[in-house]
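Just below sit the structures, each encoded as structure tokens.
One chain, chain A, appears in both complexes that follow, with chain B as partner in the first and chain C in the second.
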Partner chain A sequence: MLEVQTYPTVGEAASAMDDRARFLGGGTLIMNRVNYGDRRFTRIVRTTDASLSEIRAQGDRLEVGAGVKMAEILASRDLDFLSPAARAVGGPAIRNMASVGGNLMAPHPYGDLAVALLALDADVRMVSGEEMSLEDFLARRNGVVRSLLVRRPQGDEFRFRKVSRVKPKGISVMSMAAHLTRSAGRLSGVRIAYGAMARTPVRVRAVENALEGVSLDLAGISAALSVATEGLDPPDDPIASGWYRREVAPVHLRRLLLGEDAR
Partner chain B sequence: MKSPVTFWLNGSETAVFVDAGANLLDVLRRGCGDLSPKYGCGQGGCGACTVLIDGEPHVSCLVLAETVAGRSVETTGGLSNGPDPHPLQRAFMEGFAAQCGYCTPGMLMAAKALLDRNPSPSRPEVEEAISGNLCRCTGYEPIVDAILEAARQRGAA
Partner chain C sequence: MPTEYRKDLFADERSDDFDIVGKPIIRQDILGHVTGRSKFYDDHAFDGLLHMRCVRSAHHHARIRSVDSSAAERQDGVVRVLGGRDVPVNVNTLLSLINFGRDDEPLLAIGKVGYVGQPILAIVATSVRAAQEAVDAVKVEYEELPHVLDVEEALKPEAPIVNEEYPNNTFDYFDTYDHQKLRFGDVETAFSRADHIVEGEYQMSPIEQAPMETCGAIAAPETNDRITVHTSTQALFFSVGVTAKQLDISSARLHFIGGTVGGGFGGKVDSHHEPLAALACLATGKPVKYMWDRAEEMQVGGPRGGERWRIKDGVMRDGRIIARAFTGFFDAGAYTRLSSYAVQKSTGHLPGPYSIPNVASNVYCVFTNRTPSTAMRGFGITAVDFAIERHMDKVARAVGMDPIELRILNAYRDGDMKAHRREAKNCALIESCQAVAQKTGWSLSADAMRASSKVGGGEGALGVIPETVTDDEGRIGERRRSGLAPEPLSGQGTRRLLPEGYSSNNSSAFGNAPQREDMEAEIERLGFKGATVVSSTPQGPADQTASSARPIEPRETAHAVHPAGARGGPSLPAAYTQRPASTINQPIAQPPERAPGTPVVQQPATPPAAAEAENESAATHFQRGVRRPGVSRFISGSRRR
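And then the complex of A and B:
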């Protein structure tokens, strides 16, 4: 039998977690499992703690509560740089429900917002107070997240693209995000992240390295395009095969980097 | 183990006992007898179960029922004014925007959320508003036309 436990603070809720419990955010992941009779858990743990839904400045970073919904990101002027990724998640009803924290836990091929946050070098603050890079968090996906910490990108240096077969709403063939920082007119310290190309959203270091010191034009990025999927083994799923994902990734990477419209 | 939940269903205060882990769709249909929201996929992928919670569209199959305590829930069952269909319902009928009709309640609620917020939407805005609702019969065009027609008639009234 399933049991639902509701706590007034996220700290108490986190303390109630164990292997047989699932933390309920917006419900889009956990209720799906409940509806399909997943018996790996017997307790749903949730909290009414309003602090999880706050968006606030934290030094030079923005702190986004794990309970903030995609629709709230779209309504926030401070988080307008995340709008393309938040809008890529589901339709309007899902965006009223799906939370930032849930997106970090979403199984392949979901988790488009996490791709954007990964490229932006976001950090994760756990309920325990521990802080870690989103990349480290995605490698273990364990514990209850309190918030995300992210710096606002400058000018047009952040780009996001979701590739799906159905418009305007479709599941990802892949999603890509790039934080194109420059030094003396050339790319420097660039971060590239993919979604739906591995078990979790991942950084693509081969591409990042190939973009170091080059100019942002077709000649400059050609070496990066040739290593677009180096080290990746994209999964097969009903949306696309791994082979297809590998084949088309360089095309979409080029479009992302050069700001080209899809034809 | 059942727990009591009180909420507002189409403007009427409603109290039901819900099973632990029950979703709102199940409670509306089996607990409240409101059969207007439909079960489609149970994954939030089809939108057939769309209802408005505090005016915003939600897929009720993924809403833990007890989270609507004290909140307002609107379904297609509450759209008409007695025998008079809602303008959206009338536009759907007159524009042949329903074939099998299974997606219609979800489409209507997604459209109502849009028109309540934006009385004069563009065609792309309508397409975006119903992008989470699948229809396997119509090809969507009559549905989009009907929503635009309902908006026009509201504006002309």
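And then the complex of A and C:
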């Protein structure tokens, strides 16, 4: 039998977690599993803690509660840079329920917002207060997340693109995010992240390295395009084969970097 | 884009009131769907509804050593565990209702499983979760058997037996052959004089119908010992019949409610949920829902079967295809369901919309350890059509011809004789090709642009049933014993020669009179004008454009004995001769002279006059409308529109 447990604070909820429990954020992932009779868990743990839904400034960073919904990101002026990624998640009904914390946990090929946050070098704050980079968190993906900490990018240096066959609600063939920081007119310290190209959203260091010190034009990025999928083994799934993902990734990377319109 | 009607084409054959294409039209069921008011089977709520889940095979092919459900039965919420022995008539085949094929598929497997996901036990519990947890608690001990997943592997002598009812891994046709034959003309001789031989192999994968609402049914007790079944079936009366048979109860006790299918596309004809839900309802006295989840729909829902087709064409330098041989393999999965019929449907479709004077085909309904396949939109036709059209392009390349012109050259024209011995009528491939070429800016030669479906049909040999070489290769069991190649006319079977004009079914090479007046197509209502309805038996010279019935004139017979005929055996294959004489009412050509001692082909026993009398009597005792005292005879009088 399946049991639902509700706690007033996220701390209590976190301490009720074990292998046979799942934490309910917006439910867009968990309820799907419930409907399909997933017997790997017997308890659903949730909290009514309002602090999880807050968006507030903390120093030079914004702290986004793990319970903040995609629709709330879209409604927030402070988080306008995340709008393209939040809008890429599901349809309106899903966006009303899907939470930031849940997106970090979403299995392949989901998790488009996490791709954007990864490129923006976001940090994760756990319920315990422990802080870690999103990249480290994605490598192990466990525990209960309290919030995300992210810096606002400057001007047009942040780019996000989702590639899907069905629009506007399709599942990712891939998603890509780039934080294109410059120094003296040339790219420097760039961060590139892909979604649906590995088990979790990943940074692509080969591309980042190839973009170091180049100018942002076709000639400048050509080396980066040639290593677009280096070190990656994109999975096959019903949306696209790994082969297809590998073949088209350079095209979408070029469009992302040069801000080209995809028809 | 505005719709363009090509009303110049066939203007004299068609009424001019076609105006549906290109206009928005309100689907009759769409208001209910978009407002959420349509009730699907799963929208029917019942107090105390029980849920059913199945224990399923973990292997492609295995003997079931033991099934232990004792732990499951003790679990909270479990109401009943049903096995194959609880089903009154456990083994069935869908088409047994029309007497086609033998019962071969258990509702719940006993002793052996033939595919991954085959149901073994059905567990009824108070919630889906409880039923699922009980399924997890059942212990099934298997002894794995070798399995076969490829159609041609399954034909080999060493292949494991998939389906005990058909131990040769092929469906039996006419109790005689392991395949469905089609023979028209003499492909071997034609191949030998062709300028090019073009061969190709085409493989289509199984396809899941993927309906929006997964298959299922809710069965609930009704008053007077009846059972109400809400179901997503596409085949309501079929499901009633199957349920009545498998539960061994009168269909009068079954009240089936359907109509909202929730997306079918052919995948909801298998009538598997209704008997199980109704059985559980009988066993518990409670309403029971049996619904597949999405994973089950994908894994155990019958898909469109995979098909493999090999085509061999004999082509002349000018692009004329003079012979075409097919070898087709239809992957039925572990049980027959509708695949036996798909094979016949595909055979009726050969050789595609082209006039080819020599056609032979062997099509196999093969059992493999895959999910049993079933209906899906045009099954039996879609894959072979794909193969044929890919092959036409290949032929075009081989002879260096424009692919559209090749199609126009070989297309059926009105009056051509089709391989299944009916005259081609209302052909429109040429005009379609021309319109496509025009719309896409594809240039065609003047000849191809001038061609017409109405000109040149039936010229020379293309209008008659040719002298036909037949054989008795591939009798049931022979292939599996000897490893005989699957291609038509590839072995050393007994060849026979059927005379020109001979139609094996002797029914309607030129459109026979229908058995009953009511079956006569009302041509003017189908949109053809200039045609008056023809009386069921043609008398005197008929208007050839209007008549659907044209008797064969007895032909002068002076055919040379084909060399193959000389080494022929004593009689024709049973499929060609086992026809009741009363259905034969056309005089046919005399067979050619035969070697002494060779029995003559069975002759029609009914002279034409007697046949007419029979048709007349058939017409008088069946009329449209109802004739019962006190009932308007028009109550069911409008069968069309």
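Assume the second predicted complex is superposed on the first by the 263 of 263 C-alpha atoms of A that agree within 3 Å, B and C clash if a C-alpha of one lies under 4 Å from a C-alpha of the other, contacts with A are read in each partner's own complex, and residues count from 1 in each chain.
By our rule, a contact is a pair of C-beta atoms (placed from the backbone, for glycine too) under 8 Å apart; a residue touches a chain by one contact, two chains touch by 3 or more.
Here the structure is a predicted model, which is why all the values come from computation and not from measurement.
Contacts of A:251 after superposition on the shared chain: neither chain B nor chain C is touched. Of the two partner chains placed by the overlay, only chain B lies in contact with A:168; chain C stays clear of it. When both complexes are overlaid on chain A, the residue A:39 reaches chain C alone and has no touch with chain B.
In the superposition on chain A, A:198 makes contact with neither chain B nor chain C. In the superposition on chain A, contact of A:90 is made with chain B only, not with chain C.
Using the contact criterion defined above for the overlaid structures, shared-chain residue A:4 touches chain B, although it does not reach chain C. Taking chain A as the reference, the larger set of touched residues comes from B, when chain B and chain C are compared. Once the two complexes are laid over each other on the shared chain, residue contacts for A:24 go to chain B alone; chain C is not touched. Once the two complexes are overlaid on the shared chain, A:71 sits against chain B while remaining clear of chain C. Shared contact residues on chain A (touching chain B in one structure, chain C in the other): 1-2, 35-36.
Here chain A touches chain B in the complex through residues 1-4, 6, 24, 27-28, 31-32, 34-36, 44, 46, 71, 90-94, 96-97, 168-169, going by the rule given at the top.
Against chain A, in their complex, chain C makes its touches with residues 53, 76-77, 128-130, 132-133, 136, 293-295. Listed in rising order, the residues of chain A touching chain C in the complex are 1-2, 35-37, 39. Per the touch definition, chain B reaches chain A in the complex via residues 1, 3, 20-21, 23, 42-44, 47, 50, 53, 56-59, 61-64, 66-67, 110, 113, 127-133.
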